[in-house]
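Shared between the two complexes below is chain A, which pairs with chain B and chain C, respectively.
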Partner chain A sequence: MAIIRAETLSKTYRVADKQPGLAGTLRHFVQRRHRDVAAVKGVSFTIEAGEMVGFLGPNGAGKTTTLKMLSGLIHPSGGMAEVAGHLPQRRQADFLRQITLVMGQKQQLIWDLPPLDSLRVNAAVYGLDDATARRRIAELADMLELGEELTRPVRKLSLGQRMKAELLAALLHQPAVLFLDEPTLGLDINAQARVRAFLADYNRRHGATVLLTSHYLADITALCPRVLLIHEGGLFHDGSLRELSSRLAPCRLVRLELEEPRPAAAFVSYGEVEACDGRDVRLLVERERLTEVVARLLADLEVRDLEVSDPPIEELIGRLFRQGAVT
Partner chain B sequence: MATPGLTALGMKGLLRYWRTLKRFWGSALASQMEYQVNLLIEVLAMAGNLAGSLLLLWLIYGRGQQLGGWSLDAALVVLGIYTLLDGVSSTLLRPNLGAIVTQVQQGTLDFVLLKPIDSQFWLSTRTLSPWGLPEIVTGLGLAIWAALRAGARPGVATLLGGALMLLSSVVILYSLWFVLATTSIWFVKTWNVTEVLRAALSAGRYPISAYPAGLRTLFTVVLPVAFLTTVPAEAILGRASGMWLLLSVAVATASLLFSRWFWRLALRDYTSASS
Partner chain C sequence: MRVWRQGDAPRRKRSLGQLVWGLGRRLHHGWRVARALFSSQYALMLEYRAETALWALSGILPFIMLGIWSQLAVPPAGLGPGSGADAGGIGLDQVQLSRYFLCAFVARQFSVAWVVYAFEEDALQGRLSPYLLQPLQPLWRYVAAHLAEQLTRLPFVVLIAAVFFLLQPAALWIPSPARIVATVLAIWLAFSINFLMQSCIAILCFWSERASALERLLFIPYLFLSGLVAPLQVFPPALRAAAHWTPFPYMVAFPAQLLAGGAVPIAASFAAMVGWISLLLPITLLLWRAGVRRYSAMGA
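Presenting the complex of A and B:
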């Protein structure tokens, strides 16, 4: 049985249309003009219990809006969502007990107090008795490698420690469905890896369903066999990560550092110029032409440094849509 | 509606709310203890305010004048109740209701809405600032002392009536403040509504009959300032009729219900338009 179901889910925001400057402000004050902005346009998918699904898309693609609709924070303007057998926007207690939402850029822990105090508040709100709360805190703290950090004021924790404590607070009630919006935002590589390992572990132990957005492709590769890619409010890909990457990354990113600055036009024959800033050049080169192009670059130009890598997911997606390769 | 209504609570639910409240206030006190100097500041501010009001009353009565037919001692009962209410504001209302704007701005209101608990309850009781407690004690002391000096002979009925009136005035003040704080859902940028409210409420320092007829109507019908201090004072002095008592309780109940309705109305907009 599908635990998450979205059917032609849509969200349109009404935003004020205001010209800049005093005149614009006055005109706006007298005669409000509004514009409808479609953030999510008819997205449909189902997610089975226990799945870990990655939610990809450039900034403003509608990822957060979709997560907010699924967690019941905002009402859909069209279509419907069903999560754990409930309509999310009704926010019934039984529904809220089964879900959690973690937002990388917002925090719920009390700033001046140790995380343990916030955890005790959450335990009371979810009606957990002391023994259960203690047992769960111990288990999660162990999985997250949190120890004395739980008794130190939140303001004295590092970003990574704070995020782990946030996860603990968000999972204390053992939700069946986890909505994670950029849970690794701003963390260093080590902290990212630890959060990832924890999420995989949590999913194994509790069979929880996870829907995760992230800017870091590594999060998605490590965790999610299935990926939803949305762009400009629409769903463009629903399938395995392998299918997506073969569609997205027949390219490699070549970074050059040159002895002499060159104009962008000089690189057109080698590949797609991503950026050209005098001596620093970034090129997207098709995989099968890579060795040939690198050889030519080294032969034709005075190269100080050269580096080949996978292009960041944002660039790949951007490129994909610029080319109109997927419709 | 979305939030679980208080009416739908059983005993088990009430117990959960009680335990939550204890955790709320326990953590709030722990967090306030980090800032001891606040106590000193609050006590000094209270002393200053109270001294100013006392001086003014003394000047007025010293010249043989009266405020709207109230004796000095009776007027002091009003001032005592005002001080008490101000203490309740500092202890509970300002820390909680003042934080609603911030929660809306920073989007942390989302966390509250996703908890299986009444969101108005959470927002209204989440924290506690003990520094207003001296003001509550002083206000109560002043009101009782002045009432005795004014010749009040408090029986059980008067005391119960007075307590009920005081409770009503706290509920009215809370509801008024909560409704104003709720508007931040639409206006997001705080236009410091609470400061406007505080300014209006400071009218409650003196008996309502001391004001011109126009203001008197305003303070009774539009802003229920009269119900906040003057009416409870009359009750403590044993001068209030049962009608005023009933009216006060009715106004309190109506404002509380209105605040709940208004909050839900605002939430409907928040949850259909926020980003």
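Presenting the complex of A and C:
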């Protein structure tokens, strides 16, 4: 059963348009000009309860705006969102008890107090009795490997410890739907891995639905069997990463290590030469021709090593974003 | 386009017992939230106790005004301060003047509001977003912060008052318990008025990112009409009458006169305060509802 539903969801911001320089400043002071910026353009999707879905897109693609609309923080300009049976923008108490929105680098913990003080407030706000609050804090702290950090002022915690404490605060009321906006932003590789492991564990234990944005594709590949790729405000892809890879690049990457160096021109008949550095060659070969091309390469050249793989998804998505070539 | 409705299911009729039980639960929940918010904010304010002390010290404007008014109110020859002479024909002798400005200082200390600045910063920094996504009206957090700050100020205010009495022993007096209770209530209502007025301006952050500039517009009328710089008795009658049509005299002058033992229309003043709160509260809530619709999570 769908727990999140977006139908032609859109959001348009009105932003001030000011030219640089003194003349622009004076003109702006006398007569303000505004223009409408469509941050999200008619996005539709549904997410089933318990799913972990990655939300991909470049900066300004509309990911965070979509999360804010789904969490009820901002009102959509058009279309409709339904989350856990509620219209998010109404922000009814029953709805708010079922969701959480975590924004990396933004905090809800009180900066100068230990996280436990903020957790006590959250427990009271969400109506948890003392025993339940203590039990949940202990359970989440255990999952997040937090201990005495909870009694240290937040300002004294490292970025990773702070993020984990933020997650604890955001999940204390055991929400059914988690909106996570860059939860690993700025963390080192170990801290990222721990947060990922925690999210996977939380999803497994509580059956929570997770919609996650991240610039670190490792977060998405580790956690999300399904991805939504949003580009220029519209939904470009809804499916697995592998499907996305096929769609973005109907080619496979063939890496060759040769006995003797060859010029790039020698490989044009096999496929698109992505890189040629003497003995090391990288070719993009259409999937339908792969078997034939590999056979020819092995027959024609002295190959020391050959490897076939999908092109790195980061590269494909990056290329898509750079080209703006959405079809 | 589909129409999505919620809460369309007919409401079950509840028995009186269920209603009482539900109300009890809500009160218990409210009490727990209030206690948790207050204790965390008090802990926070204690972290900033030095800053709070400085804020308390910075509110000594009434003492400066006392110095000015005392100079202007030269008593007749042969009579010194505390002689009981009318200070400059304003209907207050030197002792009453001293008590008035001390009480104005106390009233100001416990009715001051700074929600517009805190709210504006939270809105601009994106800290408002998590508050909006919790099942608690965010303004309650600011109420708790103000009350916690008032409790933190208390020892500093007592200390300043003690120093004042050391310097002006003639001004020492002990108000009656009834006056103290009435003053506490008056100061609490004065704080409510001040908080609601500032909240209305703070909510304008949803439209204009720098709403605190508007607060400055209120500061001048507040300064003069509240009785901070002069007792209202010194105002021309027409201006004094006009001032009483604004909320400002109830924010400092009324609680101060009440505590100082002056003759004030107590019932009428309390009624006026309740009236102002009854007016400001719905305005605040309406503005909030409209503002939240506009909110675009600045900085979030």
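Heads up, the rule we're going with is that the second predicted complex is superposed on the first by the 250 of 327 C-alpha atoms of A that agree within 3 Å, B and C clash if a C-alpha of one lies under 4 Å from a C-alpha of the other, contacts with A are read in each partner's own complex, and residues count from 1 in each chain.
Criterion: contacts are C-beta pairs under 8 Å (C-beta built on N, C-alpha and C of every residue); 3 or more make two chains touch, one makes a residue touch a chain.
None of these values were measured; they are calculated from a predicted model.
> Quick one: on chain A, after the overlay, do chain B and chain C clash, or do they fit? Just give me the call.
Clash - chain B and chain C, as placed by superposing on chain A, overlap.
> Between chain B (first) and chain C (second), which, if any, makes contact with A:216: first, second, both or neither?
neither
> Contacts for A:117 in the overlay, against chain B (first) and chain C (second): which applies, first, second, both or neither?
Both partners, chain B and chain C.
> Could you look at A:80 and tell me whether it touches chain B, chain C, both or neither (first, second, both, neither)?
second
> Identify the overlap between the chain B-contacting and the chain C-contacting residues of chain A.
The answer is residues 13, 68, 71-75, 89-93, 96-97, 99-101, 103, 106-108, 110, 112-113, 117-118, 120-127 of chain A.
> Touching chain B in the complex: which residues of chain A?
For this pair, the touching residues of chain A are 13-14, 65, 68, 71-75, 77, 89-94, 96-97, 99-101, 103, 106-108, 110, 112-113, 117-118, 120-127.
> Within their complex, state which residues of chain C touch chain A.
Checking each residue of chain C against chain A gives 1-2, 4, 6, 29, 32-33, 35-37, 39-40, 43-44, 47-48, 126-127, 129-136, 292-293, 295-297, 300.
> Show which residues of chain A lie in contact with chain C when the two form their complex.
Its residues touching chain C are 7, 13, 68, 71-75, 80, 82, 85-87, 89-93, 96-97, 99-101, 103, 106-108, 110, 112-113, 117-118, 120-127.
> How about chain B: which of its residues touch chain A in the complex?
Per the touch definition, chain B meets chain A at residues 2-4, 12, 16, 19-20, 22-24, 26-27, 30-31, 34, 106-108, 110-111, 113-117, 122, 271-275.
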